[in-house]
Amino acid sequence: MRAPDTNEILLQIDGVALSFGGVRALRDVSFNIRKGEIRAIIGPNGAGKTSMLNVINGFYHPDHGAITFKGRTRTKMQPFEAARGGIARTFQNVALFKGMSALDNIMAGRTLKVRRGLLWQILRYGPALAEEVEHRHRVEEIIDFLEIEAIRKVPVARLPYGLQKRVELGRALAMEPDLLLLDEPMAGMNLEEKEDMSRFIIDVNNHYGTTIALIEHDMAVVMDLSHRVAVLDHGVKIADGTPDEVKKNQAVLDAYLGVAH
Amino acid sequence: APATAQNEQFIPILSYRTGPYAVNGAPYANGVADYYNLVNERDGGINGVKLLVEECETSYATDKGVECYERLKSKGPTGAAFINPLSTGITFALTEKTAADKIPIITMGYGRADSKNGAVFAYNFPLLGTYWSAADIAIQHVARELGGIDKLKGRKISLLYHDSPYGKEPIPMLQVLAQKYGFEFTPIPVTHPGVEQKSQWLAIRQNRPDYVLVWGWGVMNSTAVKEAAAVAYPRDKMIGVWWSGAEPDVTPAGDQAIGYKSLMLQHGAGKFPVHADIEKYVYAKGKGSTEPGKVGEVLYNRGMVNAMLGVEAIRKAQEKFGQKPLTGEQVRWGLENLNLSDARIKELGFEGMLKSIRISCSDHEGTRDGRVQQWDGRSWKIISDWYTADESLIDPLVADVSGKYAADKKIQPRDCAKES
Amino acid sequence: MKGLRVSIPKVANAREAAALVLSVNNIEVVYDHVILVLKGVSLEVPRGHIVALLGANGAGKTTTLKAISNLLHAERGEVTKGSILFDGVEVKSLSPNDLVRRGCIQVMEGRRAFAHLTVEENLLTGAFTRRDGKSAIAQDLERVYAYFPRLAERRGSTAGYTSGGEQQMCVIGRALMSRPKMILLDEPSMGLAPRIVEEIFEIVKDLNVKEGVSFLLAEQNTNMALRYASHGYILENGRVVMDGEARTLASNEDVKEFYLGVAGDKRRSFRDVKHYKRRKRWLG
Amino acid sequence: MGQFLEVLIGGLMSGVLYSLVALGFVLIFKASGVFNFAQGAMVLLAGLALVRALDLLIANGFPYWAAVVLGIGFAAAIMAMTAWLIERFVIGPLVNQDALTLFMSTIGVTFVLEGAAEMIFGSDVYPLRLFPTDAWFLFESLFPGGILINKLDVWGALIAGILVAGLALFFQWTKTGRALRAVADDHLAAHSVGIPISWIWFVVWLVAGLVALVAATVWGTKLGVQFSITFLALKALPVLIIGGLTSIPGAIAGGLIVGAGEKIAEVFLGPSIGGGIEYWFAYVLALAVLLVRPQGLFGERIIERI
Amino acid sequence: MLYRETGQFKTAYAQDMAIFPIRQDRIGLGILLGIAFIGVPLLATFHIWPFGRDYLLWAILLPFLVLALAAIGTNILVGYCGQISLGSGAFMAIGAYSAYKLGTGVHIPLAWLGFAISIPPLPVLASILLGGLAAAGCGILFGIPSLRIKGLYLAVATLAAQFFFDWVFLRVPWFTNYAPSGSVNAPELNFFGAVVQTPVERYLLCLTFVTVIAFLAKNLVRGNLGRQWMAIRDMDIAAELIGIRPLYAKLTAFAVSSFIIGVAGALWAFVYLGSWEPLAFSIDRSLQLLFMVIIGGLGSIMGSFVGAAFILIVPIMLNLIPTELGVPLSTETITHLEFIIFGSLICYLLIKEPHGFARLISICKEKLRLWPFPY
């Protein structure tokens, strides 16, 4: 397994804490993500993994701590800024736009790249049309890549769960992100589909050089794919290191993996 | 559609028997329908020309009214003879259309006050009284009760009005009167349909106006009476316009309505010779449109009067154009030359309900007379003599507003002096 | 593998019927009047057994389960052919509520906890159909908390704000609260930590052995499912393409390769799937 | 001062009368997530059924009290039938559809109810006098003219208070109450745990119908039973959202705020800007409250989670 | 067999992205437009059945077109952007009154500043479009709360706009040029010298507006902005996280929607009513538009037309049928029956297809495609 060549740090989380009423979802968590790596975050249910992603892309604002992304430090992100800065993500409970087709969902991911304004779009002629076609080309590439040509025009609400996850990945890819946050992308998939998904993730990582943060409960996947793994439990980071290190860590075994895995 | 005979005069009825104003709309429509029926049953029509009527439900909504008008305007062999929208809003919406279609629009006791001026509004006929006349009559009555016109000075008079063109029409006239007689005039709007008037009446209770004029319609009237009772405002200091003085306006309030007064559009409730005919020719044959007990109610009678004036206009027009179905334009001539003497009114069985009427090109209102009645808990009692609204006050306002309309619409006013 | 399945009426005699808690006979399901999803699915669950329903995304597992628990009509779906018998009674004639009363409950996929209710209230709604008194319910509540300690920690939180896995536990616990005879589990392991997944399957086994609860288990974690189930059905594109005893299935080469990910007897690494050729489909 | 107090008290009281109508909305929304546009029509139907039965019974020589009891029984039966029909033919088949579709279907119901109610019971105005409508004048020694309090308002407030207390207890403390909230959250999941939605909806629509009947007795006494009673629904809406669509006590709180706010605005602010402002003022008030608390004062938090 | 895409290969994305990618749809639309633009006016001019009287044109087609336009506007906000609004009537009113003011000349004496703003009466076309712009402005203003308030709460909050503007146009005499009754008259419909007068001319005028705006609106909703709106509608949080700014998306939806509704309002006042009062744009109108959109299908331009037709025409038909058949029923009974049947129809339709006519049509198309097989 090839580690990323650089040690450049893309995202640095410092002492982030987050609580909801009495629930302390994150307590003083620090870790970093290097450019080009696949970074897994694992931990038992309710450990704060999703909350961590929410902090990274600005949906939750931490009580303490700092986030440094591409060299800029701030205490909190705004969702829009995070998106513009190149952070894209998929969601644990599929968050597709239910009333739209798969194609439109992915096209929506290109919003930030659209240059022509309201009036041009009304006319949908000349440069506006050309731009739209151009975006469509990019999106079709993603569709080809994810092998979802057949469901292009199907309203996503009708799709089975696994395909919805794939469309969601497509939407995130359409943003051409620098950092891609994946929240349990393989939940509810069978082996074959997990393999497909793994292939997409690796390809994205290798070919586009996209940095990936991955939350997943399937240990086989995590261990095979990721370069480094951070482990959370009850909002605390209990381990951080290469998959092999983590696998052997007693605290991790106790809190998360249970019987030898 | 049933085949229409060629010798029929078509008359549309725009009514509202459903919706928030049905309570007042239904008795009126019954009166109208029964009178047309009477003419057919008793006289076989007007000089042998049968009346063909069709009713269309407007629910007092302007757009439905327009739809009804379009639906009915060209029915029958000659199209609609005239139209009674029974809604000031619909009147406004139809004014231009009817002029273009050459169909007279009879708005007896409602509609645009400036349409008294027939030179500009060739097709509008606000017969028997406009709201400006009503306002003047009401103030005259107040003055009478106070003991003289000079006693108005420094008094407080409020107008509780339905917040719509209907309710707003009297305001300019009352402002003129307030200035002239030196009373303090406060308009108080009530939002359609008028089920909630607590704040208005709490304000009245504090402000203690000497009189409250009520320009309401439908549920607003009875609610006003009840709220007045609730704040202990004396009911006999309330004077409703003629649309606020029928049975449904007081009965829901029960005894609380005793003493409440209203203007009369000349006629009141009660039975007159014509009612005997109605009972004999219409109800006895089972063709009546309501329970016999309701014949002779205020709004029923008003419907009859309205229908009668229309019928007489057709009769008049037949004198000139022949005894056949007439077009709206011909009926308009009849209306504009209508001249009902006391004798003729008696002949028609309306004696005691109406005074003589004479309509002309410059005066589409005909007469501007009214009386005042008072509710005694069981029936309306006439408590005043006749008042005649003061034309010298109204006419300048009419000239002003109708002139503006003519200018807006690029209408060349007719020269009434030249009209026969 | 058993022989070819055709639509011979399944319940041949009363004894066999009594042995089957659930039998699905050749059903066809259509969504929105035009989308044909199940094209003749038959399966049966013997009393006191755990049966696994396997298949790729969109194969129709969820649809099958919804057809059984009579929830389709709310999604504009319709069983147009075939019949489903639960405990010998035609399901069509029962309302979802009757079914639960008779002991058949479904755990829906997608973590559908009642978002505005607390975790504990969620669990209590599961006991809605029960008539056996407050203390019995309280006891079961404690049992669920014992199964899922994490839920006990979060019992007072609004379910909508709990984590994905917590919601999943909540939904499973809720179903257990109704003390069912048969549970239709739709992807119970989804989004749960490996340890909890093991626990869930242990709970399933426990209930099955101690209380004789039957299970129909739609699951993507084939490995686990076949380990605990006695029978398995493989669904593909709305049709059953293979069925048999779990052990037989697990040793089938195709199943091994496509569902269990073992080539030879070593697990394939997910890193190496990159140029892996897409597999054949059994049926189009 | 006297006037201010009087307007304030009057406003609070009439606000509570709106709450009576708002309560019906809350009940149905809470139990099914359906925004019931037909609540106004249900008040009309209940009122007409009651008053027509009363008239008939009294005309046939029944003593007044017996007529009232029988009349209320008759109206309640009509409401039960309505609830059953609505559940069976409209809301039941639309289970698991989105909020707007359900809302639209209640509009269909509104048309049917209005048409049927008037067709069966007549479209006239029917006086109803179940409660006293005169006024007390309090503190006449303190303020000139005293402070006016309408007896009907007091009755209305009393009844509303009792209803709210009862219903709030029901929802918070019973198993059915919990089930109702579950149904509102997710129809399908509620189905799956065996909650008998049809039965529950029937019960809720019935209770809403009975609340409508209560509202009709009070408002019918105030206005006379007639079509315009349906317009109360529009007055109840701001009450409803200030309190929160899902909160029963909220209906009362909203009523108090709207009533007091709009009356004070109309009396003290209205004259300087032309009057007639209370209609929109109530809504602007509601808007202002929502800007601070998007779910209304007592409504359930809108869950934003990803 | 008739409705198949087979053989229609698309070789460029632009083709696939055309308004009607399927040939049969294009032909159908062409025929429809042909009838609307040429057939109807011809029939009406020569008074051929069913256009013997002006009734069909005046009382059905004209209001249908204008309300369909308003429904498109409402649909953009409610159907595409998911912001339920009960204030459409108010925005129609704003369009109408602004157009009226602009068409009759604006004079704002700013005494304390020592000068006055005076604009001479503008041509009708300009007034109508600027009326739409004024509505768009107010729409943006009243759209701001939507950033915080959602769903049914927002719906009720938009009633604030409805009642507030009802009141403004009733109470502020400046808007009605101080007409004593508060009822105003439209200026002459003079389009670059051509005066629109007869029903046919009015019809063509509205038809042109509707067609052009419908096409432009369709462009918009197919493009990026449309996708942003739908994303906000379907899941606003996720939309925000992929870089859609709710502020921009919602406010543009309010603006575009109010603009269209405002233009429709101006047409309603100028072309259909000719003379109007605030009641013409009451809450009933708002509700009516919402009904049209829901029944027609949320998020469908085509659906707006069908919905408008259903909500507007069915009651009229129900009302007409008994009289035309000569059934001896009183108008009262007819109206009550109309209500009952109309209400039942709405319920029936929703149960058959909760997503309205638009979905019904698409299901029919899908069935046609499969025909003669059921699935």
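By written order: A, B, C, D and E. Residues from 1 in each chain.
In the analysis below, a residue touches a chain if its C-beta (ideal position, glycine included) is under 8 Å from a C-beta of that chain, and two chains touch if they have at least 3 such contacts.
Molecules present, by chain and UniProt name: A, C = ABC transporter ATP-binding protein; D, E = Branched-chain amino acid ABC transporter permease.
Keep in mind it's a predicted model, so treat the numbers as computed, not measured.
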For chain A and chain D, the touch-path distance in steps comes out at 1
Any chain touching chain B and chain C at once appears in the list D, E
Joint neighbours (chain B and chain E) are D
In terms of CA centroids, furthest away from chain E sits chain C
Contact tally winner between A-C and C-E is A-C
Note, CA centroid farthest from chain D's centroid sits on chain A
When centres are defined as mean Cα positions, the distance from chain C to chain D in whole Å is 44
Per the C-alpha means, the centres of chain A and chain E lie apart by a whole-Å value of 41
Chain centres from averaged Cα atoms put chain D and chain E apart, in whole Å, by 32
Separation of the C-alpha centres, chain B versus chain D, in whole Å, is 37
Going by residue number, chain B touches two or more other chains at 17-18, 26, 163, 189
Shared-interface residues of chain A (touching two or more other chains) are 59, 91-93, 95
Multi-chain touching residues of chain C, meaning two or more other chains, are 35, 161
Which chains touch? The pairs are A-C, A-D, A-E, B-D, B-E, C-D, C-E, D-E
Residue set of chain E touching chain B in the complex reads 53-55, 58-59, 63, 104, 170-171, 180-183, 185, 187-188, 272-277, 279-280, 282, 284, 316, 319-320, 323-324, 326, 330-332, 334-336, 339
Chain C contacts chain D in the complex at 69, 71, 74-75, 95-97, 99-101, 105-108, 112-117, 121-122, 124-126, 128-129, 158, 160-161, 171, 174-175, 178
Residue set of chain A touching chain C in the complex reads 1, 20, 23, 43-47, 50-51, 92-93, 158-163, 184, 187-196, 198-199, 202-203, 217-221, 224-225, 256-259, 261
Within the complex, chain A is touched by chain E residues 12-14, 17, 216, 219-220, 222-225, 227-228, 230-231, 233-235, 237-245, 252, 256, 299
Touching chain E in the complex, chain D uses residues 35, 89-90, 93-94, 97-101, 103-105, 107-116, 118-119, 123, 234, 237-238, 240-241, 245, 273-277, 279-280, 283-284, 286-287, 290-291, 294-296, 302, 304, 306
